[in-house]
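Some structures to go through are shown next.
Next, two complexes with subunit A in common: one pairs it with subunit B, the other with subunit C.
Here is the complex of A and B:
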């Protein structure tokens, strides 16, 4: 188990290092940062001043290692626009994004696992086909469009839910649903396929031969094995939701990390952009690791 | 007193295929009854039908199917589940995949007892450890905490046997329990089954295609062919006086040390088991039988060679 952990940790660190490098290179590929920061009306001397002030006149490698050196100690630099520390900015915005992502994932799991199990138990019935149809529609529907539809129906026509902001839990219902909808198809199909495979296996025949109850056969013996790929994908889906909530945060005006990223890109606030990319990547890598660990917990064969 | 297990005219169909066609057999208390026949003859399906564990699409009917005098045909899923793993237990051909990879041996063994008997986890664990010792597993305490993938095939089959015995069943159905194992392990498992059967007074229905096994452990043998029991007799009687041409053919396929002459080729039965749909008439073996004539296309009445020795062939003496 310890070796397993160490191996996963090393891989995670390598991925994080790669992402840092990429984030650094990509922000610089977008053009001369000094020119974009100084703005369209800046003179050549203004640009030079900006270049000096932000240390952009130094060799690229020096800038890179300076940034990496600070980042590993938790110092992500200062925002050019907000004039505060980037880490403070992200820390302020993170709770909104995390709440949104966790709401989305919980809703998705609450929907897809029971639907997947039922579809598997009633394989090839109309219920099964209905579930598959819902999954197909969910996969095909763009999230911003679904978000707008929900807003019109539940926010404007029915007036049940607030359409923007983060004041109460009700504000998270619609955006959470939209995010969940994007994860439901994959999770439902995986649960269904896993359950069908498990229910046809020899150990389920053994469980039936032992006279176990239907609930125990389905939930203890079959679901435990069917859940292994579902858990792996669910953790990755949460990563997608945290990183991919940029669109949803825009639609519902939620001031989360995604919103911050969008603002900063528009304003050429590249320390923030770089940091958001890094933080999301680290979260993603951490979630992948969590998913590996959960898999090892669920499947004893992986613990070797 | 009625037989422990009494099956009369069992029929199992899967869509357009008749897998079992009117098979009858009984297992007495404390008796080992071997069901033999080649692959695809309906042995496994018969055992699964008795346990009501047929795969989806399988349908069973029978004139009689009783266990300890209780009519299994009248039991619903719940009633059947009450018996399974409890009074009647089953072990399978595939020890490598028959245990759940996600749970420890101990957890899988104790759950069957906790399901059927009102015992504490402690008592169930003690019984599991005791039974693991009985089936020849050393360090039972260690094994209880291990997962199936940490055990070899032979050990897993021993675990399956021990698990089947947790609730002190009256009947043990063993579906080719040694087929997937090494030859040396096969012999160990068989000896173990035979010994447990004697010690515990189990009624055992042992399904196999290995006549060597039959000769060693069976009290009674039923030979299955194409979904029918074509001959049934006490073991010694069957080996001494096989009546059905298929039984005779099977026996010729087995080398007997000392009896077999070096220059004489070992027998074989040409052809394969036919695919038989509903409404098939006559003897299922007639296409492969060297004695067959036109009368074999008609329904074959059961014949009796001696008390307790029945066969299905109009031509055999």
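Here is the complex of A and C:
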């Protein structure tokens, strides 16, 4: 178990280091940052001043190692636009994104696990086919469009829910639902496939032979095994959701990390953009690690 | 329960399933729209006329029969823009998939076929790629370098190769140990020949399925980026861009966002239905 943990940790650190390098290269793609920051009306001396002020006159490698050195200690630099520390900005915005992501994931699990179980139990019935249809629809639905439709129906026509902002829990209902929709197909399919496989296995036949109740067989024996891939994917899906929330935050004007990134891209605020990419990637790497560990705890066969 | 039983006892799959045919018809219609768009459009999709802004579509009262789906906020014919948008969606979906297929299949086959250190590197590349938030990075690249179709295709292509790599890796790993590959080695074939003549043809059906699903994903992502203002440059009528431009009017005339959204949804659904059908068809064939 310890060897498994150490190896997993080393891979995670290597991935984080690679993403760090990529995030740095990403912001240097446009060539001369100073020109973009100074704006279209800047004179040559303005650009020179910007270059000095932000340390862009130093060799690229020096800038890179300076950034990495600081980022490792949690200092992600200063925002050009907001004139504050990037880490403060991200910390301020993170609760909104996390609330959104966790709401989305909870809703998705609440929907997909029962749907997956029922579809598996009633395999090849019309209910099963309806569930698979829902999964197909969820896969094809553009999230930003679904968000706008919900706004028209529940925000304007019915007036049940607020259209934008983050004042109360009601503000998270529509964005959370939209985000959940993106994870439902994968989670439902996995639950269904896992349950079908588990229900056909020998230990379920044994449990049946022992005369256990149907509910006990389904929930205690089959679900426990079917849940392993679902738990793994749920953690990974949360990572995808945090990265994908940029679209939904923009649609519903939620001022989370995704919105911050979107604003910063428009304002050429490079330190913020590269920091958000890095933070989201690190969260994802951490979540996949958690999911692997959970798997190893749930299924001893995977610890080898 | 094994899948073989599911196929015999289950609902109709592959080419016997209605879903596959619905998907094929949708994709076929989209291809016709995409290829013959210049001949099909009833009006110039770029011609503005402020005298006929936001005309309503045919199912609403007071519509103009010349403009079946109405006009947008600049008086451009909505049907023509929709058809032209199909061309852009399909063009981007297919080109992005070609780029990502080239990258992903190369990486995946190398890892799966040679194993060892090479495979470790391939797995690491896949893990790293998955940890990168796609929408954010694509937005950042387009935001920094400016909006253009070529840039958009290259960016998405460079970001979406992971599924190709995963599938190419696992399938070529299975094929590598089969007898006909051993026979090719014994016959003295070169590595390149074994890979291109023995391995690739035998994993091709899996890759075709990935390709269809990948086209759908690329189309959705393009629409998302265009919606956020960092995708296809205006005045090109991308469906995502049409929804973004119409957003300010959606509370008064909901159809302005409903029409391009439905088009996007139906096309992506159709491609996915076709992809699922192809997968089942290949699965059935390989079993008989």
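As a working rule, the second predicted complex is superposed on the first by the 303 of 304 C-alpha atoms of A that agree within 3 Å, B and C clash if a C-alpha of one lies under 4 Å from a C-alpha of the other, contacts with A are read in each partner's own complex, and residues count from 1 in each chain.
What we mean here is this: contacts are C-beta pairs under 8 Å (C-beta built on N, C-alpha and C of every residue); 3 or more make two chains touch, one makes a residue touch a chain.
Bear in mind the structure is a predicted one, so any value in this text is a computation, not a measurement.
Q: Quick one: subunit B and subunit C on subunit A, clash or fit?
A: fit
Q: Determine, under the contact definition given at the top, whether A:285 touches first (subunit B), second (subunit C), both, or neither.
A: So A:285 only meets subunit C here.
Q: Using the superposition on chain A described above, determine whether A:91 touches subunit B (first), subunit C (second), both, or neither.
A: neither
Q: Would you check which partner chain A:140 touches, where first means subunit B only, second means subunit C only, and both and neither mean what they say?
A: A:140: touches subunit C, not subunit B.
Q: Comparing subunit C with subunit B, which touches more residues belonging to subunit A?
A: Comparing touch counts on subunit A for subunit B and subunit C gives C.
Q: Please indicate which partner A:206 is in contact with in the superposed arrangement: first for subunit B, second for subunit C, both, or neither.
A: first
Q: Quick one: classify A:130 as touching subunit B (first), subunit C (second), both or neither.
A: Touch partners of A:130: none, neither subunit B nor subunit C.
Q: Determine, under the contact definition given at the top, whether A:225 touches first (subunit B), second (subunit C), both, or neither.
A: Touch partner of A:225: subunit B, not subunit C.
Q: Would you check which partner chain A:277 touches, where first means subunit B only, second means subunit C only, and both and neither mean what they say?
A: The second partner, subunit C, only.
Q: Looking at the superposed set of three chains, what is the minimum CA distance between subunit B and subunit C in Å?
A: Distance of closest C-alpha approach: 10 Å.
Q: Per the definitions at the top, what is the overlap between the subunit A residues touching subunit B and those touching subunit C?
A: No residue sits in both footprints.
Q: State the interface residues of subunit A toward subunit C in the complex, per the touch definition above.
A: Spelled out, the residues of subunit A in touch with subunit C are 11, 14-15, 18-19, 22, 26-27, 29-30, 36, 123-124, 129, 136-137, 139-145, 148-149, 151-152, 156, 196-197, 199-200, 239, 242-244, 246-247, 250, 258, 261-262, 265-266, 268, 273, 276-277, 280-281, 284-285, 288.
Q: Any idea which subunit A residues touch subunit B in the complex?
A: Within the complex, subunit A touches subunit B at residues 201-203, 205-214, 216, 221, 224-225, 298-301.
Q: What residues on subunit C touch subunit A, complex-wise?
A: 1-2, 6, 9-11, 124, 127-128, 130-137, 139-141, 143-145, 216, 220, 223-224, 227-228, 230, 240, 243, 247, 250-251, 254, 257-258, 261, 264-266, 268-269, 272-273, 276
Q: Which residues of subunit B touch subunit A in their complex?
A: 51, 53, 77, 80-86, 89-90, 92, 94, 97-103, 111-112, 115-116, 147, 149, 160, 163
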